[in-house]
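Okay, so chain A shows up in both of these, paired with chain B first and chain C after.
Then we have the complex of A and B:
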């Protein structure tokens, strides 16, 4: 039984991994755009972006998944999005909002004096961003980003509310067949994934340890 | 002809006037010291010279040509301002070294970026020049240290080397020793003194009265955004003419 169970769980794992990586792919850049919006000097834009971020961070991701999957049909009579696509949209937007706050914290924590020192040396804004502030921002955001990514690994299990066949869903199918252990066994897969992630992130942090 | 002529500079933040009709000139190879109590506008004045703030009124001329005129927008184009900044160097109170770069990289970064854009010097030349500057600051053996591995006095000397690397016409210091432990001020003041001996044109905002009296060729006392008194440093410090100067100096004598 062990090998067939493992294989079918791996199948669920592929969906989980796909969701994980695609969420990062979209949420990392989108988060940066949102963070610029939330720091905009144009007040209406700043308020709008900050309100959206508040709503999305302040409400359960599970509800957001349900809204994006059923909402367009219920409200506008539109056809449903494919399940995985709906899940991905909800995740990308939700995580982009979390990431945007991390970016914002990172960017705002670079002292004004760093920009000014660059300016006084005749550097352009672009040079200052790429040569001076970027690495300092990266150093500051790696630890909180790491936390979010590990949360994301586990959050992927939420998509089973719209019947996306991810890891836990696959584990649950065995309960109907009278097997309970495959469900608990799924935890091992999450642990391995977050374990790998932790190691990678630690290496990242170590690499940036040479300056303060 | 003066290397620097500042005429009728005004600066306000909202309704508060921080600089009011500031005029002075500086000859090449001379050191000007600016003293004054905290909040009198000294930092703002240096920031105006380095275009970190835009004056609301007045003109700034370097080597006889007006590089900034508050009344003439054609002197305020961002791209040109970036070049005009290079007439001035600025050493900050709290160093503002780039933490991810070594002492040497801090000194060479801006010059390398310029060489990459405009051609000219080779990397090797820039490195050699950077090393020579660090050596001049007594930091030859610290070239490959990162800022957090250096003492405050060493960091400030790296910052001075960094400012000198671009050969500014006028080097400005904003209280270069105020952020330092007392036992570290000496090494930084020694470096500035030797720059003065080598006829570097400088503006030094400082609270080190003895140093200003000794090293500067000219002294300005500022209060509430205006120049109250200016002249020969020994003259002003030993025989102040204005009541406000007297009071300020008396407070310093007490401390």
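Then we have the complex of A and C:
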């Protein structure tokens, strides 16, 4: 029983991993864009972006998944997104908002003096951002980003509300056959995944140890 | 774009609020005309032309995309998978495949995460039918157009076999702690008896509660009890005692869908040919089907 259960859980794990990596792929850059919006000097834009971040961070991700999947059909009678795509959109937007605040913290933690030094050296704004600020931002945001990523690993289990068959769903199906342990066993998969992430993030931090 | 999300969220809240109170009136406005004319709905109806058109095209819609998506849950003996197999089988699953064949479309099964979401899934066309031992309650009939009753069922109380003889009457149930599927027909029965309970995600989870000792008793479908508890099943130590009601199973389609008539005609033909009972016997539900069709 142990091997067939493991195999079927691995099947769910593939969906979980796909959602995890695709969310990172879209949310990491999108988060940076949103962080620029929330730091914009153009007040209406800043206000708008901050409101959106408040809504997305302040409402349950599960509700957002339901709205993005069922919303278009219920309100406008439009055809729905495929289930996995709807889940991915919800995750990418949600995590981009969390990431944007981490980026903002990182960017604003770089002392003003460094911008001024860059300007004295005749660098353009873009050059200062990419050659001075961003390098240090990346280093400083690794720990909080690691936090979010580990949360993301476990949050992926929410997508089963719209019948995306991920790891916990696969574990739960065994309850109908009278087995409860496969559901508990799914925790091992999450532990392994977050363990690998932790090691990678530690290495990442060491590699970024170039300036103190 | 982000503002649209907010608008969407607010609009959804409003829609939910509206459907909650206006569902039945909307339904009765659409449905009676076809029923009253008692024949074809061909005669021009200038008041609700677009509604009629949308409703009339459900078969065409399904044949156009070539698939009938059936929403269901894992529920032996109606829909389940054999160990190591990926194919859905069961009385409902097999009949659904045959119905799809009669329409010339492929049947896809979609396991619903949340049985409560079934009408939302139908309305948004995420699925085309709810076909999974669905009890025809007033709630269900208000939310969707349903077929003729095709199978009988009842709600039964499940307890551990060694205490079963103490709980043979409805009056004796008051002292037990219950687990039951949220919003199910079983929950309705307990509400009627004024017994409180722990609401579970599905019937299997309710059984798990009893098996683990977390609750004393569960209320589930008789057909499911027949397949899942007792000797030779996953739950050999459980048994069922009191039968709380009698009820009927039906298939649900979108409101006003022409699939309802297509299904009813097809089912009666299949029954007359003996094919329905043939499949029913495979899964041990022939008595319940006979009861609905002849009783």
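Please note the rule applied: the second predicted complex is superposed on the first by the 211 of 212 C-alpha atoms of A that agree within 3 Å, B and C clash if a C-alpha of one lies under 4 Å from a C-alpha of the other, contacts with A are read in each partner's own complex, and residues count from 1 in each chain.
In the analysis below, a residue touches a chain if its C-beta (ideal position, glycine included) is under 8 Å from a C-beta of that chain, and two chains touch if they have at least 3 such contacts.
This one's a predicted model, so the numbers in the text were calculated from it and none came from an experiment.
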Exercise for the section: Quick one: classify A:58 as touching chain B (first), chain C (second), both or neither. Expected result: neither
Problem - Which of chain B and chain C A:44 touches, first, second, both or neither - result: neither
Handout entry: Broader residue contact with chain A after superposition on the shared chain, chain B or chain C
Key = C
Practice task
Could you look at A:180 and tell me whether it touches chain B, chain C, both or neither (first, second, both, neither)?
Solution key: second
Completion exercise
The intersection of the chain A residues contacting chain B with those contacting chain C is none
Completion exercise
Seen from chain A, its contact residues with chain C in the complex are 4, 48-49, 51-52, 55-56, 59, 67, 69-75, 79-80, 83, 93, 160-163, 165, 169, 173, 175-180
Completion exercise
Residue set of chain C touching chain A in the complex reads 2-3, 5-6, 8-9, 11-12, 15, 74, 76, 80, 83-84, 110-114, 117, 120-121, 123-126, 202, 204-205, 207-208, 211-212, 233-235
Problem - For the chain A and chain B complex, residues of the former touching the latter - result: 111, 113-114, 116-124, 127, 131-132, 135-136, 139, 210-212
Problem - chain B residues touching chain A - in the complex, by the definition given at the top - result: 50-52, 82-83, 85-86, 88-90, 92, 94, 96-101, 109-110, 113-114, 146-148, 162-163, 166
